[in-house]
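You will see subunit A twice below: alongside subunit B first, and alongside subunit C after that.
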Partner chain A sequence: MKQQRWLPWVFLAPTIAGMGIFTLIPIVASIVLAFFHWDIISAPEFVGFANFAEVAQSPTVQVSFLNTILFVVVAVALQLGIALGLAVLVTEKLPNWLRSFFRSALFFPLVLSAASVSIFMKYLFNEKFGVVNWLLSLLNIPSVPWLTSPTGSAAVIVLVYVWQNFGFSFLLFLGGLASIPTETYEAASLDGATGWRKLVQITLPLLSPTTLVASVMAIISALQVFDQPYVLTGGGPGDSTRTAVMVIFETAFQRLEFGQASALGVILTIIIMLITAAQFRLSKRFVFYQ
Partner chain B sequence: MASKVGAVGDITRRAALGALGVGVVGVTAASWPRLTAADIPGRGDNSLSIVIQGTKADAAAREKLVADFNKVHPEIKVKVQAIQSVDWKDFFVKLLTMVAAGQSPDLVYVATEGTQLFAERLAEPLDRFVQRDASVLQEYFDDVHPSLVEAMMYKGSLYQLPLDWNAANMYFNTSALKKAGLELPPADWSHLDFRNMLSSMKQANGSDFTPYYWTNRLFGGVVPWLYINDTSFLKETKASGGRWLWDGFYKNDPSSKMRAGGSLWESPNALDSRVEESFDFLRGLVKDGLGVRPEEGGGNSLVGLFASGRIGSTPAGGYWVEGLHEAGMKEDEFDVSFFPKWRTQRHQFGTAGYAIMKTAKDKDAAWEFVKWAASKPAMEVAFALPTTTPTRRSMVNEALYSGKGPKHWKVFYDTLDKFPSTGPIPAPPEQAAVETALIKNVSLAVSGDQAQLKNAMKSLERDLDLALGRN
Partner chain C sequence: MTGRIVILAIAAVFTIGPVLWTLSTSLRLPSESFNLPPSFIPWNPDFTSYAQVFKQLNMGLLVLNSALVTGLVALGQMASAALAGYAFAQLEFKGKSALFSVILATMMVPLQVTIVPVFLLIRGMGISDTLLALIIPAIPTAFGTFLMRQYFLGLPPDLAEAAAIDGATPWRTFRSVYAPLAMPGLAIVGILAFNYHWNEFFRPLIMTISEQNFTLPLGLVSLQGNMGTGSISVVLAGVILSMIPAFVVFIFGQRTLRAGLTSGIGK
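Coming up: the complex of A and B.
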């Protein structure tokens, strides 16, 4: 047995090496770079906390981080709400074969490239030539400037994002629902509980560990939204759909301020960590384990 | 069957691990060229590596060009690599990443959008090469309009020989004009004539018809409307220098005295009253349903809509001709005119050519390719179809547009000849950030009321200040 102590490390080595090269080194490099001015071509120059001060004062950065928080609130609420609702419906009402079909169909958008989906949606939501406005015109509803007005573009981005991502939360909820013992429902039925009371008093509390995992993952993902606003609106009109990661991208690759972009990345990482920590702390009150 | 299963079961764990190890080593060895990126064209040998914007097919299409070059210079190996990108901004981002990774090419095909970025940071001035080979190049300069050459100058030095270019001209769908009882406008038409034409087209065509479609970007968006109003969103000045070129190659050109060392855009100009006036004109078109609220994106996506008769007019360059032809438009179904006049009739153009990188391994070899690419035989191979406008006046002829149209194809080169003040895309070294600042405020400016327009102009001024690194 003693001779085989090294064996687990052999199997772990590729993963550790991959994590080191592709995750840890970039993280450390990014933190270090946040304290330098670097334009990709000239030599980096140490500037202390100047990058953090610079980005904190930028109105575009402030607006984009606020946009991101608003996006997270709306998109995650919709994503989890729709996913939970559909998971409950599918579990309750449908036969197995139809449940399998919906499981695949609802998960399918997640495997598509977000950029491709967004390009496709851009055509659908075009104000003059898009299918969506054409359908609305059949109902005598006037043309909506979906991608060229602040409200319309924000709505489309949330819609496209939620459509593409709720499948993952849906699968998590399906798994969570399957793990709730049927005896609990049977006992509640014997006590005369209605479907609504079973949902509120049994399903939701017993699903809370799954909800915690789903919400943590959904919030982390939504905080990093990039593809949909980048392709659909480019962050416009104005800054109305500009998100934190878009500003990081623009700061690095359009303004060539890699130090400031790294500082923004560090700030976003800290925000994500704080929100996640808060979720786990709050979970002690709201999450119930059987 | 049992014996076979037994045979597999007889393999020891040590043997299995050994086999796995051998497999891993084998796969690693086989993919070594990919892992070390040695399979990238031009890597690991002394080839002249050229990067262009486009697809792998675009790189393959240049094989004939490379083959012809090798007939003249068999000693210079050439490899062409295409970088696929949404637009020039995206292309420069990818290229800069290559440069940062230590994989700088020798030559890059760069448009006006990137000329000053390259000139300031990456490219080698061509002055000494051009002066050395002046006798060979005189024929090229005689055939190319000086405005195009001046657009490739930065602070008195020349960085590229322009090979293809396009101005923002106005395309019309002739069937939409006919329905409205209109003719192609005269050369000296005004922006108010344009507005009246849009109104007539709107009345005569169906509800799903759009009189004017424009996109929100640096070329062909709001800028032509600023140029004809004798202004721009950046203050434009001219760098000193460049006399070595104008007094030498263009000494007989009547406009050579007004030429200098290239344009400079160093400060914002969004609060100029004429800028607001131009934006307000476009706002009026949007408000009255004559033009769309502009979206981001290139004009290529519009080809199908224009060809199907759902768009009446749009700004585009000669690059649109082949696309419309391939979309099934006959040569008399579309036509092109100058951009309308306001205070001036100054047009906007963009041009492109090869830039030699400062890091090029063999700059003399790179120059030989640049010089050869600017020769007429090479340009005839490179620009055989009207997918763009060649910079040589002699090539913009009836043969290029034969069977494809438009009827008034002469408009393309006349834009330079008849309007000598026609100017390049306002693209300082900070072009990407400047374009982002412009795009993000245009749609706000033209989509609301006067107060929103004024706020958008203030926001544009502030964003441009930031983009230009002035605060």
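Coming up: the complex of A and C.
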């Protein structure tokens, strides 16, 4: 069919204009801004790599990025482990209604807002009258200073984050499991393979492409953690739960150091890109495609 | 099999339990909200906390703001994604695949990287601290465009030819033939946009300053700040109220939501 040459561009106009203005230009601007000193009030001043040098030397920045990396390692491992374990347990063999109940119940926290979740979790983890410490006291475990000690707060951030987000990986794993043909298992059963061996020798290898995608997505989103520490601890006590994105936010909007904030944004993006690239490289050795 | 069910049931208690506790505490008298052991079933539900939320917080305005932002972003995303997805799937033009790759690549850039320039742009446009600052930048959607392209790719191109023979303009063909057939895809884009923007906290925190422009999550966090640890049932009543729309979408759009969260990610 003959069509006018300009026609597609009319359809594309809103998206291209919107993305150009609110994504592409800002990406370039961010990179440029990273080399300037600017507080909005006085004129921008070119400073070369000074912003990068300055943020790299700031103890708060160092601690926050380190916190973020540690958070990613622990939270992602927990998120993927729990999600995979539960997804394997939800099988076809369960009665239909029970299967769909568990599926819904387990991904339910995903639809709530991280801010609201953090608000009620703050009360659940209260040291004196929180339900968590009350439950622990039933097991004769002395009360834990969840939100008042550095380790406790870090643990709460991880637990709350994983509680809300494991459902996403869980859905991915359910999809991955559904795509494994049942004949593969039947053949293995004929060969005398039992449950555990089937899991290790069939399910896990065949699930590896899903695991790769799930881990890439989990890491990218965990690197950007903000709502939970902002609401639960405000980054404290001290800097113990301050994260990379919190520092970007504070540098830009509280200290009005827009150049430094941009430099931090650029560094975070580079970290994300490096980790993602490394994962895809590693995956060449461990991911098994059918 | 029973072992499985027990483990899954325990996990379900962990995911649903905290929300049930929130609900039951919001229905207790503020003075009893810290009682331990916590009673999960509020035998004498008390709604004073709910009345209090409306007194201490401009709940009506917060809901209206959230609804306006979420609704307009969802509609805007559906419209722009449908148009762009259609062009990528069914129309021919130069540089199509390069442009599509650029759009996909933007999905990988974290929001925090662009937030400073976007904030400055919004200021420059004179719409900082308005709801427009939350709506306009959120409308272009790479993921929505990707998803709608998938949908339109699944529809036969012959339909356009048939419509052209009947004398339909290209716009008419899109509007009356293709768009209605892509409704399931549009529903996914809309529900995902709703879920994300109803719950969004980071951008509203940066873009709005005056309380009259706050969205629900911001309002709740500020309410919590004002109250210290005073009467939590009021804060929790607000939390429960804010969850109702998300909950309704969860119940009625569960299948769509699930498809949307995992679609395009591939296996």
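Quick note on the criterion: the second predicted complex is superposed on the first by the 273 of 290 C-alpha atoms of A that agree within 3 Å, B and C clash if a C-alpha of one lies under 4 Å from a C-alpha of the other, contacts with A are read in each partner's own complex, and residues count from 1 in each chain.
Simple rule for what comes next: a residue touches a chain if its C-beta (ideal position, glycine included) is under 8 Å from a C-beta of that chain, and two chains touch if they have at least 3 such contacts.
Values in this document were obtained by computation on a predicted structure and should not be read as measured data.
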{"item": "Combined model on subunit A where subunit B meets subunit C, clash or fit", "value": "clash"}
{"item": "Partner chain in contact with A:Ala43 - subunit B first, subunit C second, else both or neither", "value": "neither"}
{"item": "Residue contacts on subunit A - larger count, subunit B or subunit C", "value": "C"}
{"item": "Touched partner set for A:Ser104, first subunit B, second subunit C, both or neither", "value": "second"}
{"item": "Touching partner for A:Phe129 - first (subunit B), second (subunit C), both, neither", "value": "both"}
{"item": "Touching partner for A:Thr233 - first (subunit B), second (subunit C), both, neither", "value": "first"}
{"item": "Partner chain in contact with A:Glu250 - subunit B first, subunit C second, else both or neither", "value": "first"}
{"item": "Subunit B versus subunit C as contact partner of A:Ser58, first or second or both or neither", "value": "first"}
{"item": "Partner chain(s) touched by A:Leu139 [first = subunit B, second = subunit C, both, neither]", "value": "neither"}
{"item": "Subunit C collision site on subunit B, chosen from 294-302, 312-320 or 348-356, when both complexes are overlaid on chain A", "value": "294-302"}
{"item": "Contact residues common to both interfaces of subunit A (with subunit B and with subunit C)", "value": "40, 122, 126, 129, 253"}
{"item": "Parts of subunit B lying in touch with subunit A, wherever the complex brings them together", "value": "89, 93, 96-97, 99-100, 121-122, 208, 210, 213, 216, 292-297, 305, 310, 430, 432-433, 436, 439-441, 443-444, 447, 456, 459, 462-463, 466-467"}
{"item": "Complex contacts: residues of subunit A adjacent to subunit B", "value": "40-41, 58-60, 122, 126-129, 145, 147-149, 233-239, 242, 250, 253-256"}
{"item": "Subunit C partner contacts - residues on subunit A that touch it in the complex", "value": "1, 3-5, 7-9, 11-19, 21-27, 29-30, 33, 40, 82, 86, 89-91, 93-94, 98, 101-102, 104-116, 119-124, 126, 129, 131, 134, 163, 167-168, 171-172, 175-176, 179, 209-210, 213, 217, 220, 223-224, 226-227, 230-231, 245, 248-249, 252-253, 258, 261-262, 265-266, 268-269, 272-273, 276"}
{"item": "Complex contacts: residues of subunit C adjacent to subunit A", "value": "1, 4-5, 7-8, 11-12, 14-16, 18-19, 21-22, 25, 34, 36-38, 79-81, 83-84, 86-87, 91-93, 96, 99, 102-103, 106, 108-121, 136-137, 139-142, 145, 160-161, 164, 170, 174, 195, 198-202, 205-206, 216-218, 220-221, 224, 229, 232, 235-236, 239, 242-243, 246-247, 249-250, 254, 257-258, 261-262, 265-267"}
